[in-house]
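Take a look at these structures.
Next, two complexes with chain A in common: one pairs it with chain B, the other with chain C.
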Partner chain A sequence: MITAMYIHLQGIKTALAERMAYRGDFFMSTFIMLIVEFLVPLVTYLIYANGASFPGWDMYEVLMVQAIFLLSRGIAFPFFFGMVWNTIERVREGTFDLILIKPRSVLHMAIVTGFDAEDVGKFFGGAILFIVSIVNVPFPGLLEWVTFLALFCVSLIVMFGFALILSGLGIVWIGNYRVYEIFFSVTNFGMYPASIFSKSIQTIITSILPIAMLGFIPASAMLGRPAEGTFFSVIISFVFLSICLLFWKTMLKRYTSAGG
Partner chain B sequence: MIIKVENLVKTYKSYERGNTFKETVVSLFRRKIKYVEALKGISFSIDKGELVGFLGPNGAGKSTTLKVLTGILFPTDGKVDIMGYTPWKERKKYVSNIGAVFGQKSQLLWDIPPVDAFYLNKAIYSIDDKSFKKNLDYMVELLSVQNLIKKPTRLLSLGERMKCEFIMAMLHNPKIVFLDEPTIGLDVIAKDRIREFILEMNKKGVTFILTTHDLGDVERLAKRVIVVNHGETVFDNSIDALRSHLGTKKLVSISTHEPLPSLEIPGVLVKSKMSAYDAELELDVSTMEINKFIDYVNKKSSLSDMSVQELPIEGVIKDLYSSRKE
Partner chain C sequence: MVGGKVRHIEVLKATAFATYKEWAAYRSHMAVSLFVGPVFFLVQVFIWSAVYSTQSTVVGFNLEQMILYYGIASIINYLIYDSCDWNLQMLIRTGKFITFMLRPVSHCYFALCQKLGHRLLALWLEFIPVYLLFTFVFKINMLPANAFWALVSISLSFILVFLTNYCIGITGFWLTKTEGLRRAFLVMRDLCAGTLVPLTLFPGFMQRILFFLPFQYITYVPIRVFIGTYELAGIELSIPEIVGMQALAVIVMFFVYKILWYLGVKRFTGVGA
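Presenting the complex of A and B:
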């Protein structure tokens, strides 16, 4: 475990050094990432500023859902979601082979070598929005904070599950960058309170594909109004992760490498 | 014996998409499956400390064999035992004992100096500080790259990068190193330096399997050659046996004072006739001995100059590559 952490840190250090080689591009990309993350909250603000609303939710509560979604993505994207891009690129170029000749778990190597430094901007975007929201809602108690932190960890597990699916697809679906569009289209449901959707969609995003866990469920716990079926969603999230891991391993076995 | 390969078979499944517009549209909905037999039962064994050239034309199955041996690919059938490991079953333990250099796939990181990539490998292979420093200093000295390892990789020449690739592959003291076209695109000086390095490491007991299209690498480095073609082994013997594979043929250049006599005689194959007085030919000395050939030429003409050389290895390889075609 300690060795794995050391490798991870060394990987992050190397990726940062690599990205910092072009400082201007790095800072610009990070800044753009931060700005782009504010687009959905900006739409939310405009909706409320024009007198409309999501029924039963005030603006800062909705912004809290979106802040947590962005925070979850802000941790996932730099630290492990880069494996998706990394896998797609490497499989297409044939350099995925180089990961397979390292004496470590292939998944670990795909994550370590895929650290995406500029995506830290997403985290800062989420953190700023989180602070703006938390100071405008009743301050949560200890229980709310603890529940929130636990559910936030589960949200990272769901994110990891998605990364596994997309990366697994990248192993057999050579050079297909559309997987990101699939991810964004599907997970956008997690940026809004689940109650605004129809019952069938609510069931899907809480009990089948736990997208609500990415923002809505942890935010509800933070706001002291736990979502219905939270415990069940937690179980589903772990089942989701197991299925995704199995899927990734199956795809890895189907890896055929590029021509020599 | 450090490597034992028995009846290695690898079949790829691929899809035929067609080339016409109609075939392309149809392939969107229904694709014809095609099975390609990359390896059809390759067997060989390699002893510790050997330096083996693994040759074959493009698409012969060299890289597929190498990928199975390095644990990258699962074979369809067959057995591989390398240092007691089955590469694709015990990949993690196994690969910590091997190294690989791919001439066309870099392990270095483009924007940062090679030394940073070496440190990443140090962490990945859990190399202790003392061994790391000792190995790094030794190889840096041997390859004369003291001033290069701290420069961003993108600023290095291909030859300099390749030297650093070798350091990267050997920092963890691998027992076997797989080389896939390690000298591709290098100039003669860089090639020579790399070859010296390989020989030096081989003297220390490292086993090398070298895949290359550069026969200079093979002649300089390998004592044994395995040639594969169409997924099968077509030759497995020493480099001297490879040279004599075409029999007792010599490359002969002759010049005469008078026009050359007819050379359409048994045991003689004219390769090129530069003028009426000069020709290059292949002489099969088992059919026509050299002294008899000289007598023949002198009788009909008068020999002014002559050179006799071994056939270049290319001829042998070409013959092996064109053998067993379906």
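Presenting the complex of A and C:
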């Protein structure tokens, strides 16, 4: 475990050192990542600023859903979601083989060598929005905080599941960076209160593909009005992770080393 | 003179065809749009349906018009999409650009021909299927108010996106790695062009600023021409007037490109080749 963490830290250190070769571009990219995170909340702000609203939700409650989603993505993207790009790039170039021959788990190496430093900006974007939201809603009690933190950890598990799917797809769908767009489009459902969607969509995002766990469910717990079927969604999230792991391993077996 | 034009057409045909063939090998990548576009659109339908459940109009748009706005924005994007900025900065950074300096055709023209070939492929792989999906599945009336002006406006937008992106690519002569600048520009462009929300949703003072920026001519103007009315910051213009202004923006952008190119290309040293 300690060795694994040491390797992980070395991966982060190397990625940062590499990125610092173009530090001007790095700082600008990080800042832009932060700004980009405000685009969806900006749309929400504009909707409310024009006198419209999402029925049953005030602006800061909706922003809370989006802040938690962005916070989850802000942790996932720099620390483990980079394995998606890393896998696609390496498979296309033919350098994925180098990971296979390392005396470590392939998955671990794909994560370690895929640390994305500039995505840290996403985390700060989410954190700023979270602070803005939390000071404008009734302050949550201890129970709400504990429930929220537990559900937030589950949201990271779901994020990891998505990273596994996209990375697995990258092994067989050579050079297709557009898998990110699939992720962004599907997870868009998690950035808004589930109540605005139809019943069938609500069922899908809570009980089949736990997208609501990325923002809506932890936010509802934080706001003191837990979403219906939260416990079931937690179980589904773990099932989802297991299926994703299985999928990734199956895709890895299908790797043909034909790149380069 | 005539010979030169014929040669240009030959270059256009050959480059566009080669790009088309090259990208056709990755057609499954482009086909991702068949999933992504409608899913993004579906989310917008739900968002705005919820918003309109409490009121009948928002900034002068009713629900049908708002959904139509996003539908048109989505399909126009398939026609005008461009990545010449990334290509150019990559060529400069890696030194591969040096081969273009030896070719008897300007890189800008070559890149425009590439875009044409790429978008021709997108026409049948992305635009037509999504257009049909929006029309028959989402039941949106996707017919332009005036086909001629819509076509002119989209064509001008096609060139304007290319020129603005190309100018971003040219900054590679100074910055070497322009990924950060490119991202900043894309964010600002999408926000100020009306891709994310109709520009009339912004506060009045912002609308007045946006009116004088070139970004509205990329998405907002083609959409409004498609719908058949134009209004921003309380200014209402006829369709020929706003398309005329769009043409003017293209001309201005062309001169900006020329100046940037003149200044930038002098700095190219071929390092990395």
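The rule we apply is simple: the second predicted complex is superposed on the first by the 258 of 260 C-alpha atoms of A that agree within 3 Å, B and C clash if a C-alpha of one lies under 4 Å from a C-alpha of the other, contacts with A are read in each partner's own complex, and residues count from 1 in each chain.
The working rule: contacts are C-beta pairs under 8 Å (C-beta built on N, C-alpha and C of every residue); 3 or more make two chains touch, one makes a residue touch a chain.
If you're wondering where the values come from, they're calculated on a predicted model, not measured in any experiment.
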**Request:** Specify the outcome, clash or fit, for chain B and chain C once both structures are aligned onto chain A.
**Result:** fit
**Request:** Could you tell me if A:Gly51 is touching chain B, chain C, both of them or neither one (first, second, both, neither)?
**Result:** second
**Prompt:** Now for A:Ala17: first (chain B), second (chain C), both, or neither, which partner does it touch?
**Reply:** first
**Item:** First (chain B), second (chain C), both or neither touched by A:Leu100
**Value:** first
**Asked** Is A:Leu39 in contact with chain B, with chain C, with both, or with neither (first, second, both, neither)?
**Response** second
**Message:** Output check: A:Pro138 vs chain B and chain C. Expected answer is one of first, second, both, neither. What do you get?
**Reply:** neither
**Asked** In the superposed arrangement, which partner chain does A:Arg178 touch: chain B (first), chain C (second), both, or neither?
**Response** second
**Contact breadth on chain A, by residue count: chain C or chain B** = C
**Asked** In the superposed arrangement, does A:Met28 touch chain B (first), chain C (second), both or neither?
**Response** second
**Item:** Least C-alpha distance (whole Å) that remains between chain C and chain B when both complexes are overlaid
**Value:** 8
**Request:** State which residues of chain A lie in both footprints, the one left by chain B and the one left by chain C.
**Result:** 22
**Request:** Show which residues of chain A lie in contact with chain B when the two form their complex.
**Result:** 3, 6-7, 10-11, 14, 17-18, 21-22, 93-95, 97-98, 100-105, 109, 253, 255-257, 259-260
**Message:** Give the list of chain C residues in touch with chain A in this complex.
**Reply:** 26, 28-29, 32, 35-36, 39-40, 43, 46-47, 49-55, 58-59, 175-181, 183-184, 187, 190-191, 196-197, 201-203
**Asked** Mind pulling up the chain A residues that touch chain C in the complex?
**Response** 22, 24-29, 31-33, 35-36, 39, 42-43, 46-47, 49-55, 173, 175-176, 178-179, 181-182, 184-186, 188-189, 192, 196-198, 201
**Fill in**
Residue positions on chain B within touch of chain A in the complex are 12, 62-64, 66-67, 70-74, 91-93, 95-96, 98, 100, 102, 104-107, 109-112, 116-117, 119-120, 122-126, 152, 180
